[in-house]
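Okay, so chain A shows up in both of these, paired with chain B first and chain C after.
Right, the complex of A and B next:
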């Protein structure tokens, strides 16, 4: 391997773009990884069991823990009465009179809300004692869904608000009124996305140890970031951040976004340790995960498109209502706001109006789930575009291409402020046609239709943003307030990496990421190895965060596909810096200029005088063991570099509500062919293909694995996954038996293709990737099923579209649509 | 359970554990111990205990009794020991030759891990209405050999299941084996089919159907169809036999007979599937499984 001079911008990227086998997999697949529950706990650790409200809405009149506290081994039974003495509410992103604690105070507002915590020497003792706690409730009328929450005279989830609407706002860009006046046609769709989740294998867990001597609270937790939430927890626990140490282990057993929502439990278990003075450990059970962790929002959307005579998208109007459960906790209203800057997807739409309403109900609160809010947006938007194609009689892919942002437009600023870095969406569509074998697929559909089978094709496209610019949440704050001098705007999405060469020459890369299976160790090792001319196995990569020992920032963590763009950039930049340090030290020791130094096979030598050389091992050794040598005097005596990478386009929100919520914007195009069982409504996926623009991948193998998972999650979300509760707000499907998650046995194999356009904003041109199928997958499947059910003029308006819904809405009825006999064409 | 709180537990309440080395010893323990419960693979009981939905004082483990999981031939029939695992059953050559639907049913219990631990005796004794074996064993007219310290009796599958999670077993009894008989007159061809309807293959069924047909000269000689999962207990549908026996084994005859099925008002209705949908699916599945059974009997499949 050759390492060229650091003076040249490009390096030889030996391992970049290689599907290198994952370095972490031996540990992960042989039971040797240590997840949160496997970590050693501090001496004297006690175990917490959380008692939860059986009512979705009730006044808590009295909690009687007298018998429980007498059980030998029980340290305490804590309720809000005790815990509020050491805790303030968790700050919200929304301005609201609501006070959000991780434990119910006078009222329980969802079935599963914590009401008490039993702390005992063992988990079994805590569970025995928990059955002796009695709580008196006065059940209140339950508001279980959006319709009821917004009904006249509905009871309020929060009386202090005086309504179930906790936030309402219209964002307007361009001249929407004019666009709709100019329109030849206005096309509209409605979609309801039910609440759902993507549960990880490992449940939530927190170990909290409060040390009275130092007044430091240490928490080990499988929290994934962003560390803004660690700040929120510190605020709630009345701790300054130098006294709140968060340690996230390097291995997390899946998350799919859910583990951001560990943070209320970090506050709860932290408060328990502060109050009792003993270390406290809590591991969530599977059922608790379903009733008490988090979910994606339930959304009603109504979208309208203004079309010109030749099918140009003149304007888009959206009316969005999100049910975000019992508390509008941070980072809500992100389900909507995170997508404002890329609301129009890959389309050039200059006029945009978004009306958002946020509603509280007596259900589990929400937070980001893989592709935060984007399935909610992509499904109705692509359904709308497909409908526009039908109404104008245009090929659905051609209509899309006609309205795409064109390659010459990049970097492109959307009407709402998003700054798209690069792309060639038309080329990606051509690639999609090719890998899907569109002509073949269409012929196959026609053939099957002749046999009387219900088969159809669907396409969906979308923008895959990566990184989260905190600025988007400022849109939740009224403009007047943002104008005040005291207001501090938020922005940025930085990622850090520290690279160190140990005195014996070994290389350690320390990331501030919290991977849950994304293979960061392998990718970082590939990058460092490529720049420093070693093998990936020679680079030890440490992941996870320890806020006392790792260079971190408020945006540290692993969420919003940030590693593919900023994480890789931070590691790569640190590696270049390290190489510069090595060549500079060598130039001093060899007495030649740094420009003249070349690294090759572990040796640094002078280009002009090849006999002047030093091995990298001796060089490193000299820097550490003999920094007093004449040659190194006055120099830099460390072989440690930390680089924090940020993209400059991640600025604050403007007063006209424009914001760029993400650093890079990939593209995804998905095609699906499905068959609907005429008798049962069951859907089979005949073929599924996606093209991704990841800007190029460091490890395309890992990207593909992540996308296979995303596509399968997408199918589950589209076809059967939803969190169901009855009208009293009781969750009904709270086990893996009832809320089915695909296992390896059930996976289908998608076809993938790449249509990479390098990002000008990252040094290697990479963008974040792997959440795209979660949004285009359900959209493409919905459209394909509508196509398969063309005889029925099917308008699918509820996600998931279960077999029973398809049967009862369409197949069980004989009132076939007008086109039933006439139509034989294919999408 | 506590009053006024919902508790999601991970640990079972305290219990004692006895490992039986013979069926006699197991029966003796069951007869002499208060609150004793039989455990074999533990795939349902342990889950219930960890959720504190079940709290037996003593577990009597029959999982280590040698030969209790054996499959043995008896004439043209088979005896299947209580602790035979679903995996073993699914892969058994003897069972596949004689009663292939039992292999199909076993192969579609839970996931691989459950199939490797869970047993046929445990499954039928647990009597989950969505279980796979109940309709299959009912349709096959299986008998269960049941023992206790003081008694030994044989119970027909059709009399064994009483409702969700309840059977006619007394607290001191255990299922020792499943007995399957086979008698075929000459010139008769037999076909079986098991179908499970669920959103995903490994999910609990919303409807289960087991069909057994005997065909002679292109006409139905015997038709036995048992439905599971949509009723509190498996049910044989005798009217199918009444309308099909003696008739030609055509798809149209099957379709007509299936459409006429009256499933009554007991159909389970829950968030997974409404009674209306379950009823519809049952008719679809009955027709499909009968057709498959016919095709298998006649060698069309």
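Right, the complex of A and C next:
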């Protein structure tokens, strides 16, 4: 099919808002998709196996690879000694003397840190040879958690720092001191979020080919962006950007944020190819993924709310300590900084103080995991708000509504500089009550409690920011440095789309996104088809990035829910531009003004004189084959447009540390009803509902499927998922057998609701969506479990709240005696 | 040590000399070139590598290629027939049961084996049949719905006396 569709008339936006079946599924259900490991590799490709430190902290005294190198088929055994000849440290976002390489130099700082890379003809040979490499380690004292890292006399993970604190900062907005003085009550909570990950099905992978002829390093990798990291890798490999080509395939087997952290391996495998001169392929094993890829930060938070007599939130104070593993790699300290703009969530809180401390330990380094840092923020904040409701004797939803930013307030600037685009949070809460059947749920809880069952209700709300304005990372840099004329501030978060009509009329859309299951091809095809009057199947959409062939920027990629906000806007704008180009060319060929041209059914004609018309196929043909014609000569009628979409509010950070880290801000409200098993502490989800403000959906089927998955992931995280290590820093759950992952025997079907409030910042009003449940889900479940355990006065302060924790803390025999009196209240 | 093997994959005969230690999944992907079958964990937990071997759903990362000597193997590439997509493929698409798609091939093959053995599965039967398959996008509600719907379509087409599309009624082994 071509631009001249045989289908009946299509008016603009025909496919917008339609749950159109995904175009990607045709190849994904037939085994024809091409994930990274399915791509053909360059001739002479060798395979890399990474030897990793078994110690969490050890001096590397000697690496003996003599026997390994003798194995037939082995090309090289590379250690830091060789690779540092072609590599510099990976630049960090914060100022620090720490040098972060993708391979251990003199010391291994976490169990799983790469120590050597064996390069061989086949993976099996490389594995055989790796077992013959002997490393002489001198184990050192291990700092495995925050408490030990901050203890007096603790060994330093990095001696050059002289402490395990690598960054510390207090941000203050408004007059926090006064707010707390005015407060009638101050309510506080403490929450610990343990390190966890949301591991994707497809593991990390990189194929690197250094070509001596062109002096270009090409890497195929399942990296998701942002391409700031491609810049970081090029820097580390001493390559100018024109000598570093990154190709991300159109099919990526899930990421949930993790695949940003492919970048250290892009540096490592790239260095191996540069050093050896052969193409090198590395596909991560599942165990490597658990010990060596990435995780979310471990966080201790203490939050305090200053309350007025009528329950108004006067001020919020937060003390945050994040354990970010062995190296403070970029984009840390993002776990905290990414959320500074929207730290107060949907609430109107004018006075805010955030104290952040970043600590290194001998554990796996961190990076963004789905809803970067927001579970860490939302769980304590909503627990705090719930506690405020209890203390003031207010209905928890009413207290929230009382403190919400109101519809008339938008666009609303938060105390810390976030610019919220739109919302009607109160209306969303009403919708939530309705889809959850709150009255029915409350009656059901009472009934079950009469039967002696441990059941409870919980609510959580949150802001769902989309797009990442790099400016937020500038907050990590001291103000004095940011004041200097030489300092280059960062900002922006643009998305690009290129649309082309080929000489035969076929339409190709090229995005700078790296989707991992978000259905971008379908959504983009729906948009282009709607504007150009064709069917979605008529539009070939290319995703994945090739930095030599795509209009990309440092913010390219798929992370921070950016597609729903800026990606859709870029594609839609490009389609409008293309329609304008077609209209202008037609106006010249028909000799009428462009305003007079209408496009319908693949025909462009004059509104005033309907006999003046040209088929779009002939129009495209004329532009390509006869641009020298009298009508067209001298004009630019090329049928290729690239549109980059940005939002004006994504400016640099100010010196008083205000920043707007996101382009659009959605809203999510979640309600959960749970039952706790008295004998085991295990939690069943009786009912779960979320209402989402996505600003409107191009494809509601896709939005809903993403949110259904996110809600189940949220419960997996809340109830089960944590990366456990012993006090020597040894990871203890490194397979899908011992790190909890849900199966089809254990899922639940969330109730999905929409309460869209169009964004004034995007042409179709859309915002990013689908990370929300990952933050409000755990928060609502925690509050519901506390409610179910009210007779125990349960204060759940650790995430995940596993059955074991619930049982041993509250339900075990020792605790039964303590709670006997409160129990009689129920009976 | 090397050994010669004969395997039938999706009705086509393959004869090769392979190393004893070669896993069946690597044979299917790297030797036969059928990359629709994926590897997600190396430990047999995730099920991305599930194929149907002699009529049963099998994790192809847990057996050696030489153990499949003489076997008849079906992979996701063999699911659609000349007359069109298999009802499972159609209903996965219709029900938004695919997100990243990395687990999809394995889940389709587990579902295929289930529907042959139990043409009228309850949602509980479907969940049970999928316990060996992990979907990290956690799209299970849609997946279970899609399999249930496919079973209805297959049954309806049989009731109507029409040849069901695909190979779901083919007897194996």
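The rule is simple: the second predicted complex is superposed on the first by the 797 of 827 C-alpha atoms of A that agree within 3 Å, B and C clash if a C-alpha of one lies under 4 Å from a C-alpha of the other, contacts with A are read in each partner's own complex, and residues count from 1 in each chain.
Just so we're on the same page, a residue touches a chain if its C-beta (ideal position, glycine included) is under 8 Å from a C-beta of that chain, and two chains touch if they have at least 3 such contacts.
Keep in mind that what you see is a predicted model, and the values were worked out from it rather than measured.
Visitor: Looking at A:30 after the superposition, I want to know if it touches chain B, chain C, both of them or none. Which is it: first, second, both, neither?
Guide: Once the two structures are laid over each other on A, A:30 reaches chain C alone.
Visitor: Taking the superposition on A as described, I'd like to know which of chain B and chain C A:202 touches: first, second, both or neither.
Guide: Only chain C; A:202 stays clear of chain B.
Visitor: Of the two partner chains, chain B (first) and chain C (second), which one does A:745 touch, if any: first, second, both, or neither?
Guide: In the superposed model, A:745 contacts both chain B and chain C.
Visitor: After lining up the shared chain so the two structures overlap, which partner does A:135 touch, if you call chain B first and chain C second: first, second, both or neither?
Guide: first
Visitor: Please indicate which partner A:285 is in contact with in the superposed arrangement: first for chain B, second for chain C, both, or neither.
Guide: A:285 sits against chain B and chain C alike.
Visitor: Report for A:124: first if it touches chain B alone, second if chain C alone, otherwise both or neither.
Guide: Touch status of A:124: both partners.
Visitor: Who does A:737 touch here: chain B (first), chain C (second), both, or neither?
Guide: both
Visitor: So, does A:802 touch the first partner chain B, the second partner chain C, both, or neither?
Guide: In the superposition, A:802 touches chain B alone.
Visitor: Residues of chain A that sit at the chain B interface in one complex and at the chain C interface in the other, please.
Guide: On chain A, the overlap between the chain B and chain C contacts is residues 124, 285-287, 737, 742-743, 745.
Visitor: Would you tell me which residues of chain B are touching chain A in their complex?
Guide: That would be residues 1-11, 13, 51-52, 111-112, 197, 199-204, 270-274, 276-277, 280-281, 284 of chain B.
Visitor: Using the touch rule from the top, collect the residues of chain A that touch chain B in their complex.
Guide: 49, 51-54, 111-112, 115-116, 123-124, 127-128, 130-137, 283, 285-288, 291, 679-680, 682, 719-720, 724, 726, 732-733, 737-738, 740, 742-743, 745-746, 802-804, 807-808, 812
Visitor: Please give the residue numbers of chain C that touch chain A in the complex, ascending.
Guide: It is residues 19, 21, 29, 34-43, 45-46, 48, 75-77, 79-80, 85, 88-89, 92-94, 96-105, 108, 126-128, 130-144 of chain C that touch chain A.
Visitor: For chain A, which residues are in contact with chain C within the complex?
Guide: It is residues 19, 21-22, 24-26, 28-35, 37-38, 124, 198-203, 251-256, 285-287, 516-519, 701-702, 704-706, 708-710, 712-713, 716, 735-737, 741-745, 747-749 of chain A that touch chain C.
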